[in-house]
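There are two complexes below, and they share subunit A, which is joined by subunit B in the first and by subunit C in the second.
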Partner chain A sequence: MNTMRQAGAFAYFVWDWAMAVRRWGAPRAEIWREAFRIGVMSLPILLVIAAFVGTNLALQGFYAFRPLGGGRLVGMFVSLAGVRELGPIIAAAMVAAKAGTEMASQIGVMRIREQIDALEVMAVNPYAWLVTPRLVGIVLVLPALTVISIFTMLASGYLVAVFQLGLNGSTYLTFATQGITAMDFVYGMLKAVWFGMIICLVSCWYGFTCGRGPEGVGEATNRAVVTSAVVCVLSNYFLSEILYGGGP
Partner chain B sequence: MVASLGALGRFATFSAVVLRSTLRPPWLVHETLSRCYVTTTRCLLPVIAVCGPFGMVMSLQGLEIFGLFGAERLLSGLVSVAILRELAPVLASVLVAAQGGSSCAAELGAMRIKEELDATEVMAVDSIGWHVVPRVLGLTLATPLLNVAGAASGLTGAFFTAVVMKGETAGVFMHELWALTSPADVWGGIAKTTVFGALIGLVASYHGYHATGGAAGVGKAVNDTVVRSVLVFIVVNYFLTSAFFGQLA
Partner chain C sequence: MIEIIDLHKRFGELVVLDGVSLSIPPGETTAIIGPSGTGKSVLLKHIVGLIEPDSGQVICFGTDMAQASERERYAVRRRFGMLFQDGALFDSLSVGENVAFPLERHTRLSPREIRDRVEEKLAVVGLPGTWDRAVSQLSGGQRKRVGLARAIVMEPEVVLFDEPNSGLDPLTSDQIDTLILDMKQALGITFVIISHDIIGTVRVADHIAMLNAGKLVAWDRTEAVLRSPEPVVRAFLRRNLVLPEAEGEQAHLPRAEEARRG
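On to the complex of A and B.
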């Protein structure tokens, strides 16, 4: 019941934001600053996480395919899983954990210090001023981060396949390029755009509805990352079904 | 560089202090179990809601890969290995870091900002033993439980997509499910998540315990907790996977 009410309140928030954008537009200079901040802040952590996800993909693929006599197929396993599913999801999860939590706590702190009320008093629409630059920024950088994480996974998978599992490097690369097409990258970036919109809107909403005091900010930050991760993974299934499913 | 080395040293000292008070009485069994209960109930729904769709996606993509070789019946073997060894432990720990770890950091941070931890110390109560140790142990116990729930929901999701949506045979799916897996995979996943839970608990309580600077400081502590604990256990995961499963299969 409470969840339904929250979903309704969130829908109202999105509607109010859309109306505010139509009426007031967006501050251009802020967009580039936010895009830079979100992208550059999340990049180091994303590189490390993607590298280690790639190593584990290679290990798993090798152990799964070896009993069937297909240890050589590791490259294909890493590239298919990385490009289609894990690249977009890992990039989204790390941006939700890094940039999303920061959005929620920044806006939450502004809320409890009544800076948002101050914006309204100055006739500045807080939705247009605070949400739009973050949304445009995240939608610009998340597809790029996705592509970077895909290549990091492939590279670290290569290192594990060649140096730890003792496979042939050129076989790995041949199978890695065989499994995927350019359209897979486009689909991955489409997914990233959708995930970015979800992360930004959910995190900003929890910031705006932040409760009192330090506990309120902590709670809002906490809920922002959990909710955006759950919604991203849930919608990922439907996106994959639409993009790759192709009917029963 | 020097600053991050210093932070690493402080974290190690903090972990040693936590370990020392864990081994020393009084043991707050009831408090620890209630922390474990709170973490498990709070994280259960997110874990199921993330692992289920992931299992469904694995089925969807796996069917396509195996379809290339006409070997769709091998799907459930691959899916169960991947879910039991990697996906369920990692996803459950990510969700525990995002939900349990961050709320642990937020609670401790709020107590630090409101000087409740100082008040505890003034009353000659060991604040680490009283507030930190039950939280760390609670997370350590809760993460393996959530891993099992995540694995179950992931396998259910995989079954749902393969059998109900894509029309594979249920009997073949169930028969091949245990072809490549063994109880060692389940125990390996549980052992890994115990380590991850302890790491998440230590990172979260370190950031919460040392929070400074008002409400914004609590927000920053929560942010750092989620990012750094995920970073730490993903790196540790690679070594644990190589150690546990390198000789199997």
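On to the complex of A and C.
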């Protein structure tokens, strides 16, 4: 019941934001600043995580296929899993953890310190001013981060396959490129755009509805990352079903 | 130009405004005084439409702030400058960028002109040459003054100040009072000022409205309020002033530290 009410309030917020954009447009200069910040902030941790997800994909692919005599399929396994599933969702998780939490806490602090009221009084629409640049920024940056995480996974998978498992490097690459199509990349980017919108809108919303006092900001930040992670993972299942599922 | 008509507002169980009616005389200074937590800041936020009343109306320049469309509300707000109780400066911007913010959003001034205008206002509030300072490095009193500079940078017709003097030393506080008097005379600006600084209030205000327990207990010209027989009003003012007796006798204004709320 409470969840339904929250979802309703969130939908209302998204509607208000969309109306604000229609009426007041978007501040251009802010968009580039936000995009840059989101990218720089999330990139280091994303590289580390993606690299070590790639290593384990290679290992598990090898152990899974070896009994079937398919150790050579490791490259395909890493690229399929990376491009279709893990690349987008891991990039999204890192961006939710770094950029999403920052959005919720920044906007939450602005809310409790009356800075959002100050924007209103200065006749600047807070939704247009604060949400739009973050949304456009994240939608520009998250697909790029997704591509980077996919290539990082492939590269670290390559290192494990060749130097630890003793597989042939060119076989790995051949299977890696054969396993996937251009459409897989397009779908991965679609997922990234969708996740970016979810993370930004959910995190900003928790910021705007932040309770009074410092506990309010902590709680908003916490809920922002939990909710956006849950919504991303759930919607990822349905997206994969729609994009890749071919029926029974 | 600003009419507040039978305003009621409660937050949950807490009744904050319980039928407040007030009209703000143009070109003059109205002070709102009263105990902490009686809803002075809430009243000020109603004037600019930041809070919607439960019942009653606020009419600014002929516009009902709660009923108006967003565009109409924004058009009215551009005629206002407002200082928030805690400054409400943007932490991510420098001092100069904060003051320049409304100019950049709403005027077509060149960067050079904006810079000049901002430097001028910063000098007026006693903070010349602080454009590049980070907001986080400022003291409470300095924040307040940057907030003041931002409130007047658009040269608005109506200026709302939520405790412009609190947290300021006596000298700076006097300067701010003088600034208010000068601006009123030179530019005919209407001021609405919330203050706990009774001595300063008596100096700058033409009218005093006192709020207590959600109601106006005094609302008159300053001299008249000083002679008010209302016990709660007398008790409130007596802490900082030696009040005139019923007949004549000038108000005697001691410079009391207690006048300033820390």
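The definition used in the following text is that the second predicted complex is superposed on the first by the 248 of 248 C-alpha atoms of A that agree within 3 Å, B and C clash if a C-alpha of one lies under 4 Å from a C-alpha of the other, contacts with A are read in each partner's own complex, and residues count from 1 in each chain.
The definition used in the following text is that a contact is a pair of C-beta atoms (placed from the backbone, for glycine too) under 8 Å apart; a residue touches a chain by one contact, two chains touch by 3 or more.
Please read these numbers as outputs of a predicted model, since none were measured by experiment.
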item: When subunit B and subunit C are modelled together on subunit A, clash or fit; value: fit
item: First (subunit B), second (subunit C), both or neither touched by A:I242; value: neither
item: Which superposed partner A:V109 touches (first subunit B, second subunit C, both, neither); value: both
item: First, second, both or neither for A:A18, with subunit B first and subunit C second; value: neither
item: Comparison of subunit B and subunit C by subunit A residues contacted; value: B
item: Partner chain in contact with A:D117 - subunit B first, subunit C second, else both or neither; value: second
item: Three-chain overlay, vertex subunit A: subunit B-subunit C angle, C-alpha, nearest 10 degrees; value: 100
item: Contacts of A:V40 with subunit B and subunit C, given as first, second, both or neither; value: neither
item: Contacts of A:Q164 with subunit B and subunit C, given as first, second, both or neither; value: first
item: Contacts of A:N125 with subunit B and subunit C, given as first, second, both or neither; value: second
item: Smallest separation in angstrom, by C-alpha atoms, between subunit B and subunit C in the superposition; value: 10
item: Where subunit A meets both subunit C and subunit B, residue numbers; value: 106, 109, 113
item: Contact footprint of subunit B on subunit A as seen in their complex; value: 45, 48-49, 52-53, 55-56, 59-60, 63-68, 76-77, 80-81, 84-85, 93-94, 97-98, 101-102, 104-106, 108-109, 112-113, 164, 179, 213-219, 221-222, 225-226, 229-230, 233-234, 236-237, 240-241, 244-245, 248
item: Interface residues, subunit A side, partner subunit C - complex; value: 23, 106, 109-110, 113-115, 117-118, 120-125
item: Parts of subunit B lying in touch with subunit A, wherever the complex brings them together; value: 46, 49-50, 53-54, 56-57, 60-61, 64-65, 71, 74, 77-78, 81-82, 85-86, 90, 94-95, 98-99, 102-103, 105-107, 109-110, 113-114, 165-167, 180, 214-223, 226-227, 230-231, 234-235, 237-238, 241-242, 245-246, 248-249
item: List of subunit C residues in touch with subunit A within their complex; value: 45, 48, 50, 70-71, 74-75, 77-78, 80, 82, 84-86, 88-92, 101-102, 105-106
